[in-house]
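Each of the two complexes below includes chain A, the first together with chain B, the second together with chain C.
Take a look at the complex of A and B:
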């Protein structure tokens, strides 16, 4: 099978201001490693997910592949073309949409904006306008076709940016957190469109970065989990979840004011532990990956001994988030 | 190759479209681009009249005011365009498009030319009529050639500046702010540049506007040749050289700055 994207020991470091580096990274060597020996292979026709928390290196990788950033070392091929040596050839095959971003000029209408961006790819007017109308219909934006984008809501402007990427009908699409900040309905429309678009042409490829594990689970054929610039694992969501089959995943809700949570990871039988404060609900959600189910008694005893009231306890099917927790030793939402 | 050329032409048209349509949808620009600019030009005319300067100086001022429309446009709209695009999030999209950066700038320039020309024409017509300027055109083809070459050179210069803006953003902004007024003085917008002395005028001739204005004064006014810096034909030749030079340098500067931006990770970094 042909490869749409292939990277070989890809590295990217950024020079940092010394003071900032010292404070944030505890060292003073003036460098931040954004990507370290990244090796990925994405097949043509694949919807590939790159998962990781903020700052994991997802956007750095996508920017290198999209010819916006040079790697410090290593090599990257997009559609078999070297992104450093022949960026102009790569650009003909790709497009990129960054979530949370807008595009265009407030003075133009939605339809004009999509037409304008299509022209940068040499698309004939008739084709561009037909695609524009199709996109507007599928993504439920028809009523805004003649609205100036300066008058659109933030969510609709993001949706327009998403459409902007697809109006050019690239062979390989890079989607960097495409549903970031979108409301539930718009995010659902966007996800549905990605799948529809892929199905229409089996040669189309999508590289999607996200820190929403459920999104990756729903959409992706394969995913790579990335953290602190390193690709930790790469497989289908099903296989990754199966890797936790022998382990038990429990979710326990406790009040917000529980102390000594750092010790929970040391309870006998606990393989990994993470927590998420849900201040708006007045609760903290604890997640335990246990070596075996029976170890849950150790956990409940420890919580009781700690004076914590258990609000709810449930056993869960492993999710990609649990895979991340098992691999990295912390949850996606943990700060450290 | 043919496809690339077609794509670039489409990009130029599409980018120019924004400026032209934008102008039509915001009619307030008629006021800011016509009535207001004539006031600053008129101020110089009144100063000269108060000082009882030779009558031809009024014509020089109107010509300078007309051409300053293009200078302001090149400096603040064209050169700074990539900076604005970066701030509003479009630069990243432009940079991954399979088109030349010069096509984008040319598109912006073509669209902007409409606004700058409206401003220039208004200053020229209103100034010439109100202050009764006497023109004595020696050679219309030459005058036209000088005008076109001056604009081409200026736009080449604008592209060069835009490469600086693309990478340095706000820092480049300060640099251009520093350039605006000295260039107004050195290029002789409102007086013959010869008055600054040969060597200052020679140095200022690196800016296409200096030679362009001097040649236009010589070709459009009776007293022009007397106050000219150097021979018009030499100025025409020098303008051709400057056009080629600026376009060539700006092409390479854009490529170099893009490479530097990609290496340092500053190409799409905002708020810098």
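Take a look at the complex of A and C:
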């Protein structure tokens, strides 16, 4: 099978400014490793997800593949073409959408923007118009077709940014957090569009980064989990979840003011621990990944020893989020 | 075939970028205000020059020199506007619209895009130059005889000038990829240097000898001489006056070629550096 993306020991480091470096990266001699020996293979036709906490190196990888950034060492092929040696050939095959609201020039209308970018990709007028109409319809933007971008709301701008990428119909699409900050319904539309787009042509490939585990679980054929520049695992969401089969995942709800949380990770039999304060519900959700189910008694004992009330306790099917927690050692939510 | 396809692509890029540039340039809520602005501004700047000239010379110097200054100054508007129009695109797309990453990773060739974005400025400047010269003829009695203007030479020279200034703009666009706000000062500084060294408002003969070497290396010097010759029919510079039109064109072509290669080299090198250090789409506004 043909590979859409292939990287060989891809590395990227950034030089840090001295002052910043001392505070954050005491002993890395002024260098920040954004990507370390990444070896990734993405097949043609695959919807591939890249998961990782902030600063993991997801955007860095996408930028290298999209010819915006050079790797420090290693090689990357996109559609079989070297991104360093022949960026102009790579560019004909790709497009990129970064989440966020920058989608065009405020003085142009939605339609003009889409037309402009289709021209840059040499798409015949008729095709561009047909595709624009289609996108406007599917993403429910028809009534804004003649609105100037400057007057669009943030969500609509993000949708337009998304459409801008797809109107050019690339062979390989890089989506960097395309649903970031979108409201639930719009995010759903966007995901649905990605799926139908992929189905229409089996050669199309998507590399998507996201913070939303459920999104990756739902959409992706395979995902790679990456942290501090290193690819930790790479497999289908099903297989990854299966890898946790021996372990047990429990969710326990306790009041917000529970004490001694920092010690929960050290309870015997606990493999990983994460929490999520749900202030609006007045409770904290604790999540434990246990080496085996019986260890739950240790947990409940510690909790009651601590004087915390247990509001609810349930055993859960492992989710992608739990895989992430087990590997990275922290949930996606409890970052600072 | 490949060359034909590529040419088509490049023309499409220029046209599309041209439309975008025009949309930005004419983004005035009131077209009337836009017209006034485009006309009054160049006229005002020419009038300042006229006043300065009369104050300095008390009107004693002859009409020949005054016409030299007036016409040179009028055409110099191309340098100021087009240089800015082409080189500022990088800053605008990167920091203001934050679209440069999408432009950059598209299959278009950046030179054609930059040129296209400058077209609106070229058109507006042409209008401004015509108005300024017309005003000079009617009000200040600048000796331009519309029947004896060498139009083919004029049109050729203006086209060549636009090419030269675009090359300079591309050079500056490259520099703006790794500099922040300073690129504005750089553009201004470069215009200023050309204003002084290329004989815009006085013949280069009055410059110190070493500076004359600089003047002679710059294609804009020959360009200004050529447009002035085509409009006024004569030259007041002893140095440049010695050359025939064809000789001037050849020297201009030679220096332009060197400039074009130099700009290309600078742009490519800096683009590589920018891509290496992750600066292509890094915001510089703080």
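Simple rule for what comes next: the second predicted complex is superposed on the first by the 331 of 336 C-alpha atoms of A that agree within 3 Å, B and C clash if a C-alpha of one lies under 4 Å from a C-alpha of the other, contacts with A are read in each partner's own complex, and residues count from 1 in each chain.
Convention: a contact is a pair of C-beta atoms (placed from the backbone, for glycine too) under 8 Å apart; a residue touches a chain by one contact, two chains touch by 3 or more.
Keep in mind it's a predicted model, so treat the numbers as computed, not measured.
**Q** Once chain A from each complex is brought into register, does chain C clash with chain B or fit beside it?
**A** Partners clash after overlay.
**Q** With both complexes overlaid on chain A, does A:117 touch chain B (first), chain C (second), both or neither?
**A** A:117: touches chain B and chain C.
**Q** In the superposed arrangement, does A:224 touch chain B (first), chain C (second), both or neither?
**A** Neither partner.
**Q** First (chain B), second (chain C), both or neither: which does A:303 touch?
**A** neither
**Q** After lining up the shared chain so the two structures overlap, which partner does A:78 touch, if you call chain B first and chain C second: first, second, both or neither?
**A** neither
**Q** One more residue to check, A:173. First (chain B), second (chain C), both or neither?
**A** neither
**Q** Of the two partner chains, chain B (first) and chain C (second), which one does A:270 touch, if any: first, second, both, or neither?
**A** After superposition on chain A, A:270 lies in contact with neither partner.
**Q** Quick check on the superposed pair: does A:38 touch chain B, chain C, both, or neither? Answer first, second, both or neither.
**A** Touch status of A:38: no partner.
**Q** Please indicate which partner A:139 is in contact with in the superposed arrangement: first for chain B, second for chain C, both, or neither.
**A** A:139 sits against neither chain B nor chain C.
**Q** List the residues of chain A that touch chain B in one complex and chain C in the other.
**A** On chain A, the residues that contact chain B in one structure and chain C in the other are 14, 63, 66-70, 88, 91-92, 94-96, 98, 102, 104-105, 107-108, 112, 116-117, 119-122, 164.
**Q** Using the touch rule from the top, collect the residues of chain A that touch chain C in their complex.
**A** That would be residues 14, 63, 66-70, 88, 91-92, 94-96, 98, 102, 104-108, 112, 116-117, 119-122, 164, 168 of chain A.
**Q** Under the touch definition given earlier, write down the residues of chain A that touch chain B in their complex.
**A** By the definition above, chain A touches chain B via 14-15, 63, 66-70, 88, 91-92, 94-96, 98, 101-105, 107-108, 112, 115-117, 119-123, 148, 164.
**Q** Within their complex, state which residues of chain B touch chain A.
**A** Chain B reaches chain A through residues 3, 6-7, 10-11, 13-15, 17-18, 21-22, 25-26, 88-90, 92-99, 259, 262-265, 267-268.
**Q** Please output the residues of chain C touching chain A within their complex, sorted ascending.
**A** Going through chain C, the ones touching chain A are 9, 12-13, 15-16, 19-20, 23-24, 27, 97-99, 101-108, 272, 275-276, 278, 280-281.
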